[in-house]
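Taking it in order: structure first as structure tokens, then the write-up.
A, B, C, D, E and F are the chain letters, set down in written order, and residue numbers restart from 1 in every chain.
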Amino acid sequence: MTFQEIKDIFYNAVWKQNPGIVQLLGLCPLLAVSSTVVNGVSLGLATTLVMTVSSGTIAPIRNYIPNEIRIPVFILIIAVLVTVVQYLMNAYMYGLFIVLGIFIPLIVTNCIVLARVEAFASRNAALPSALDGMAMGLGLTAVLGVLGAMREVIGKGTLFSGIDLALGDGAKSWVLHVIPDYHGFLIAILPPGAFIGLGLLIAAHNWFNLRAAARRKAATTESAASASVAA
Amino acid sequence: MRTLYRFHGGIHPEEHKLESSEAPARRAPLPKKLILPLHQHIGNGAKVAVQVGDKVLKGQMLASAQGMISAAIHAPTSGSVTAIAQHPVPHPSGLDGLCIHLESDGEDRWIERAALDFRAMPKPELLDRLRDAGIVGLGGATFPTHVKYGLPSGQRIDTLVINGAECEPWITTDDRLMREHADGIVRGIEVLRHLSGAGEVLVGIEDNKPQAITAMRAACAGSDIEVVAVPTLYPSGGEKQLIRILTGKEVPSGGRPTNIGVACNNVATAYAIHRFVDHGEPMISRLVTVTGNVRTPMNVEVLIGTPLTEVVECAEALPGTTGYILGGPMMGLEVDDLHLPAVKSTNCIIAKSAQLFPPPPPAMPCIRCTRCAQVCPADLQPQELHWFSKAKNFGKTQEYHLFDCIECGACAYVCPSHIPLVQYFRFAKSEIWQREHEQQAAEIARERHEFRMFRQEREKQEKAERLAQKEKAAQAAKPAVATPLPVAAAANADPDDTLQMRVDADIARANMQLRIDAAAARAKEQAAAAQPKNIDALTPQQQAEIAEIEARRAKLREIASDAGADDEPPKQI
Amino acid sequence: MKRIARSTLQTAANLIFFALIATAVLSSTYYLTRDTIAQSVERAKLKLVMQIAPAELFDNDIMRDKLDIPASELLGTTDTTTAYRARLKGEPSAVVLEAIAPDGYGGNISLILAVRASGELAGVRVVSHKETPGLGDYIELPKGPWIKGFDGKSRAAYKDADWKVKKDGGQFDYMAGATITPRAVVKAVHKALIYFDENRDRLFAETAEEPEGLK
Amino acid sequence: MWSSPFISAPASVSQIMLRVIFAMVPGIAMYVWFFGPAILVSITLASITALATEALMLKLRNRPLKPFLTDNSALLTGWLLALSIPALAPWWLVVVGTAFGIAVAKHLYGGLGNNPFNPAMVGYAVLIISFPAHMTHWLTPHGLEGIVLSFPDQLNYIFHGILPASTTLDALTTATPLDTLKTQLHLGLPVNEIRDMPIYGHLAGKGTEMVAIGFGLGGLYMLYARIISWHTPVIYLGTLFAIAGLFHLVDPASYVAPTFHWFSGAAMLGAFFIFTDPVGGPTTIKGRVIYSAGAALLTWLIRSYGGFPDGVAFAALLMNICVPLIDTWTQPKVFGRKGDGK
Amino acid sequence: MISALWVMIGISLVLGAVLGYSAIRFKVEGNPLVEKIDAVLPQTQCGQCGYPGCKPYAEAIAKGEADINLCPPGGEEGIHKLAELLGVEFKPFGEGKGPRAKAVAFIDENTCIGCTLCLQACPVDAIVGAAKQMHTIVASECTGCELCVEPCPVDCISMQAIPEDISTWKWPYPVFAIAPVRNNPQKAEAS
Amino acid sequence: MTDYLLILVGTVLVNNIVMVKILGLCPFMGVSKKLEAALGMGAATTFVLTLASGASYLIQHYLLGPELAYLTTLSFIVVIAGIVQFTEMAIKKTSPELYQILGIYLPLITTNCAVLGIPLLNVQAKHDFVESLLFGFGGAVGFTLVMVLFAGIRERLEGADVPGIFKGSAIAMVTAGLMSLAFMGFSGMVK
């Protein structure tokens, strides 16, 4: 694999075809556990792990799976991986495990995992597939992190709260109180805030893309005839 | 008293009728030059029946009806045809249409005229006479009158509704006509009643025209024609609405009044029929209201084809005029150039001024207040229609029955957001029409394409069969062709095998060449015979077109052979 | 027909093959992590218990010295719960109880409380609740110190009529605009203390070896 | 291109909105009479925020300012929101709620006329969920033995959060009649005993019942001026009366009288000013009947069983969700299609 | 562990059996989607999509091999319809791939040598004529696909835009000033 | 009886699976552009989810028991995938009309979190068999309900003057947010 190919895979997964804000897959964990950065990123990393391994395992054996049980087998493999991750978290990050709750087993049905397996791993070799799975997972993690940060700051005025759950009690002092003496705009950490926050992120993504496109256009054509669109 | 029914909605705009309704109608001076568009009615345009340079008499037919729905056009005065050319016509597009240009000779000489004994005539013939007299509805839609009464068998008309409602503000032609020519109108109604065989005749007049009602009642005295005063409420003059008011019946959506046994005509149409039947005069003039920002608002009798400038001159536009409305303020169209001719549908010219017609405030978004729905006489939901037309979601507009909209403008009148609703609807309608047209074209294209594929397949098969037969023949001659060919020995393959393969390949290639040559020869042969291709199953129209083209080519060839002989070498194929 | 049978068996065999591998992997992980998970769960619980029953209160293996408590109206419980007994040098020093306040603003409020042998509260914590965030949730520890107000309180010090919020004439603080929640908690804690008083001896009975439960 | 019709009725959006605002005056007058002038401060704050947010969003969206700032709809949203939160709320509460309602619920959808949700109610819902503590501090009506704060002191509290040393917030404010009812029922008191508490008057809460009557009067004016159709208020109040009445008859100890429902909380305001919002409401008559009846049912359900003392705002939002479907499924038969069942 | 294996064997046995059985038993062929897609395509048969006609393009879309934004004659409208039919996002035309103005082919009768090449190229038989005779185009059948232009050895075929007249005129979209603004120019920027 | 009713009301409205529990969002966002599609997806999900709730109860109680609880996720999802695939194949064969409506949504159901989430929640909440069925059915009805309502709004929004960068999924998200805000009005209704 060339460096360019790797770069393409990552650019595609993180920006162009980002699962969270472009493909709109894997939304449930994205919305449900992004109330803080720590929750979001931890689940994102767990998902990334599952995606990397599942894409990486399925790609080499893809040709041995009969078509009529393709989906059950894919899911079987994903489910095993998820459950393994679940046990590991249960054993070694118990606090986080409790916070993330039902969303760990639900990585199984996280659409993005199966979607990547179907769309990429069942057509490509093991290494690119694993990379693709990882990149997509990181793309999702990035959105989880940003959304988590947004919601946490607006909703609670803090950042990295709960980091002790992931990294142990020693990390407690890492919690940032971004806005001291904050009333807490609760809606941000409740479901409505999740939806609206993701809506804003999607809009921001659109805005960047539009601006980039406009720049590109301005570069090629000197005078973009500005249609006076009154509406 | 008759029980009257209500239709849903309706509005009460300011009437502005008194300005022009009180003075007697005048006759406009004879214009020097008249422009007669060929398309003055719904349906097909008329077909030109004269040539440039022809001298014509007043009332002479200039263009004849063409196709099912059409009507003739006549010379409004005597004179000569100076051109048959494009000229701006009254149309919202502002585009040109084909017109007959007539220069009057000032003599105004009639062709021979004769009254008709319509009762003695067979009905189809009477209808043809109406068509050839250019009689079209003068109530607005200019629908050729004869078509309304040429019923398919099985349908009959019980009620004849004569529309004297004249519900639009400013317009007073029907009012004046009823006051001045009630007797003539009643004569026309008799003709229509004869044509329709209706037992009941109802004349509906809005109750803001008491003199017209009195005059019509007087003229109808003694007959069983009933003159009914209907409440003043725009658009009670719409035919579906008037029928509903008078009979309580609703014309089914997408249907015509005749579906429920009703026929409807305007009073002016009835009067025009009277002029034709009793005096032999085809439709060459009409009454036009000139009002608005003019010195003396009035009704003028205008020859069809008179430039509008001359019509307006009668009433003298005042300074401050910002433009003109052809027709009423609710349904008319705006023009700023008066070089258009008056046509059969021209019932009113309103000079606009900033006081009388202030420009609308900027349109705001729809706030779904449903005032529009409350006034819509067709029970539509204009706010939804607007929402979807605005989004160009035409499928939805049809789900919301866009095509039941009669474009009366009541919705736009009441809209507090001042949205040009009707224009959205017109836009959506014309888009849908175009799309349907394209869909049909695509359908035809698909069929033709599939037929072509089928034909090619068939031809291929036939060819293959023929070839198979030839093949058998060629098989016999094979050794003769298979002359040994120079071979390059293959390095590590069995030389015998390779050789054999090469030879085989070459034989095949040679065979192929033979076949191609044969095909080419055959093609040449066939071409020589000039078998025409793809010229069967043509419609008469296409054949006519081809004939025309061939004729043109023949001429061209002649010219070419004359001129091109020395300066251009003939093209090589 | 034969084709169908073949396909059926073939597919089943394929699936079984994959399922076997999957199950094997899964089971191994399970057995490998099982003990660690159990430890984690226990540690988490111990952490909670230690918040209300500080380490100086016991020297026994408190997580093992437990007792099943059947559903009780005074505790507001509808299921069997577990009590943990703290002992110091073999002497009973405190007991950790679970209680439920059923009449919170949003429903049940689950509490865990440690009562010293003297009948004094060592501490109370809210385990879970559905009170309005931002209003009724000051009973949770990080959100407010209110719950610590129970430390050291006992039925001996406060007579029964004092076990109310101040607004109703009792001794307990509340936050203006949200009195339903503290009312519910105070009431539940009070009732749990009554339960403790009524069942004191049986709660501390030496039943570690042969748990028989209370009737 | 200007096409027909060339004339139009004199009504305009800004005039309609202005009349609605005007219709709120009697209710506000009552409010000032019974609760003091603090509400005027909230209304002013909300108006300024509403216009500022509107202007900002229009600028961002690249739309002309003048026609939209003068259409008065933002003002109306601001007033309604100010009326639905406690008068003594800190200034930022009003600002946050109004700005959220107008920026998110209105302008992200394209501004006036495009919003599926009622902006004022979105603002209210966001506030009551985010800041329930601040949203429960309602002023005690004059005439009860509460302390009455002077206007400068009120301003000082609204803008600086500082109360005179002698009082506490608790002494100045009470829970609303609906809230108190809920609390006391929760504590097991029967309705008739609760109604004997001093904060209640003849119909509902002291003071608040008169405010409701004021809004009712304004509503009658709007009916008279044909700004709203009668269906919405009549069906809404009727259904609310019917449901509440039925349960009250069956179990008078746990369910209050229907008149109480009418004259407490935002029921009157809702019947005439909120459920009548044309933008988020249905457009067909049948649709309005379903919408209003549904809203009444939800109001009653939330008041009687839900977690919030008043259900008007949530009922409005929940019914807003249903509007597109209601509209689609209640299309009236158009002219000429009546007989054939199409 | 053993019991776990047994359980999973049981589950997979049942499932596998059911799936294997039904894979054969419930097999169906054909794809009605192609017809639906084909109905949306404009049937110009021009091949600008890169497929030899509309049907093959429809098949390619149905198989997921082709993008939905390849048919210029269908216009953006067509892409919208396809997007809706297939439940995917709208995708604009690529750079310079948009539809051209509607036109019909026109054969310069002076130059035509009657080679029949255009006749063979026209997918909808819109050209009439025979070898060595002049050919002509039946304008009402011509879809404007331009396929006949290339093969003509003497370049006598040109595409002519269809001019707007009263019968093809359409009402403009109200807020845009598409038509020449004849009346008040300030109306164009209303709202 | 009232208990069952409460479960139904609770799952449909108060603890709506999409708006409150935040499960099943991908199909909720993906298949709600058109009303018919939303209805189709809702119907398909209701069918599968009810079946899956029942099946998973049986597996949990009769096959796994407390001993093999660690196989829960694995066995549930495999069974669900099987049910979905079987349903798809069976419908395709037996009722092409129904397949036209539901077909394209069926494969998507496997990756709908709600379909696994509800059986897992059933286990967590220790529901009995009837309760499990009701919980599954109610959850799916709630899913269908919000999806249909959402689709109604989205169809309407196509005409709205939504700012460019919010067009499409961004405004859909905001709408979903405001819907869930409205659904918070039900909170506290079923304790």
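Quick note on the criterion: a contact is a pair of C-beta atoms (placed from the backbone, for glycine too) under 8 Å apart; a residue touches a chain by one contact, two chains touch by 3 or more.
For clarity, every value in this text was computed on a predicted model and none was experimentally measured.
Student: Quick check on the contact graph: shortest path length from chain A to chain B, in steps?
Tutor: The least step count works out to 2.
Student: I need the common contact partners of chain C and chain F, sorted by label.
Tutor: Common contact partners of chain C and chain F, which must touch each of the two, are A, D, E.
Student: What chain sits nearest the middle when you go by CA atom centres?
Tutor: Of all chains shown, the one whose C-alpha centroid lies nearest the global centroid is F.
Student: Relative to chain C, which chain has the most distant C-alpha mean position?
Tutor: Of all the other chains, the one whose centre lies farthest from chain C is B.
Student: Between E-F and A-E, which chain pair is linked by the larger number of C-beta contacts?
Tutor: Result of the comparison of E-F and A-E: E-F.
Student: Cα centroid separation between chain B and chain C, in whole Å?
Tutor: Taking the mean C-alpha position of each chain, the two centres sit 84 Å apart.
Student: Approximately how many whole Å separate the CA-defined centres of chain C and chain D?
Tutor: 43
Student: Averaged over CA atoms, how far is the centre of chain B from the centre of chain E? Could you give it in whole Å?
Tutor: Centres of chain B and chain E (C-alpha means) sit 30 Å apart.
Student: Whole-Å distance, chain A centre to chain F centre, using C-alpha means?
Tutor: One centre to the other, that is 22 Å.
Student: Pull out every residue in chain C that's touching 2 or more other chains.
Tutor: 10-11, 14-15, 18-19, 22-23, 26-27, 30, 105-106, 133-134 - these are the residues of chain C that touch more than one other chain.
Student: Indicate the residues of chain F shared as contacts by at least two other chains.
Tutor: Counting only residues that touch two or more other chains, chain F contributes 30, 70-71, 74, 78, 82, 85, 156, 161, 166, 168, 171, 174, 178, 181, 184, 187-188.
Student: Indicate the residues of chain E shared as contacts by at least two other chains.
Tutor: 4, 7-8, 11-12, 15-16, 19-20, 23, 25, 171-172, 174-175, 179, 182-184, 187-188, 190-191, in rising order.
Student: Considering the complex alone, what residue numbers of chain F touch chain B?
Tutor: 156, 158-159, 161
Student: Quick check: in the complex, which residue numbers of chain A touch chain F?
Tutor: So the residues of chain A touching chain F come out as 24-28, 31-32, 68, 71-72, 75-76, 79-80, 82-83, 86-87, 102, 105-106, 108-111, 114-115, 187, 190-196, 198-200, 202-204, 206-207, 210, 231.
Student: Would you tell me which residues of chain A are touching chain E in their complex?
Tutor: Listed in rising order, the residues of chain A that touch chain E are 67-69, 72, 228-231.
Student: For a test of understanding, state which residues of chain C touch chain A in their complex under the given definition.
Tutor: So the residues of chain C touching chain A come out as 10-11, 14-15, 18-19, 22, 25-26, 29-30, 33, 36-37, 40-41, 43-44, 133-134.
Student: Quick check on the complex: what are the chain D residues that touch chain B?
Tutor: 1-9, 11-13, 15-16, 67-68, 71, 73, 110-114, 229, 278-279, 281, 283-284, 327, 331-340, 342
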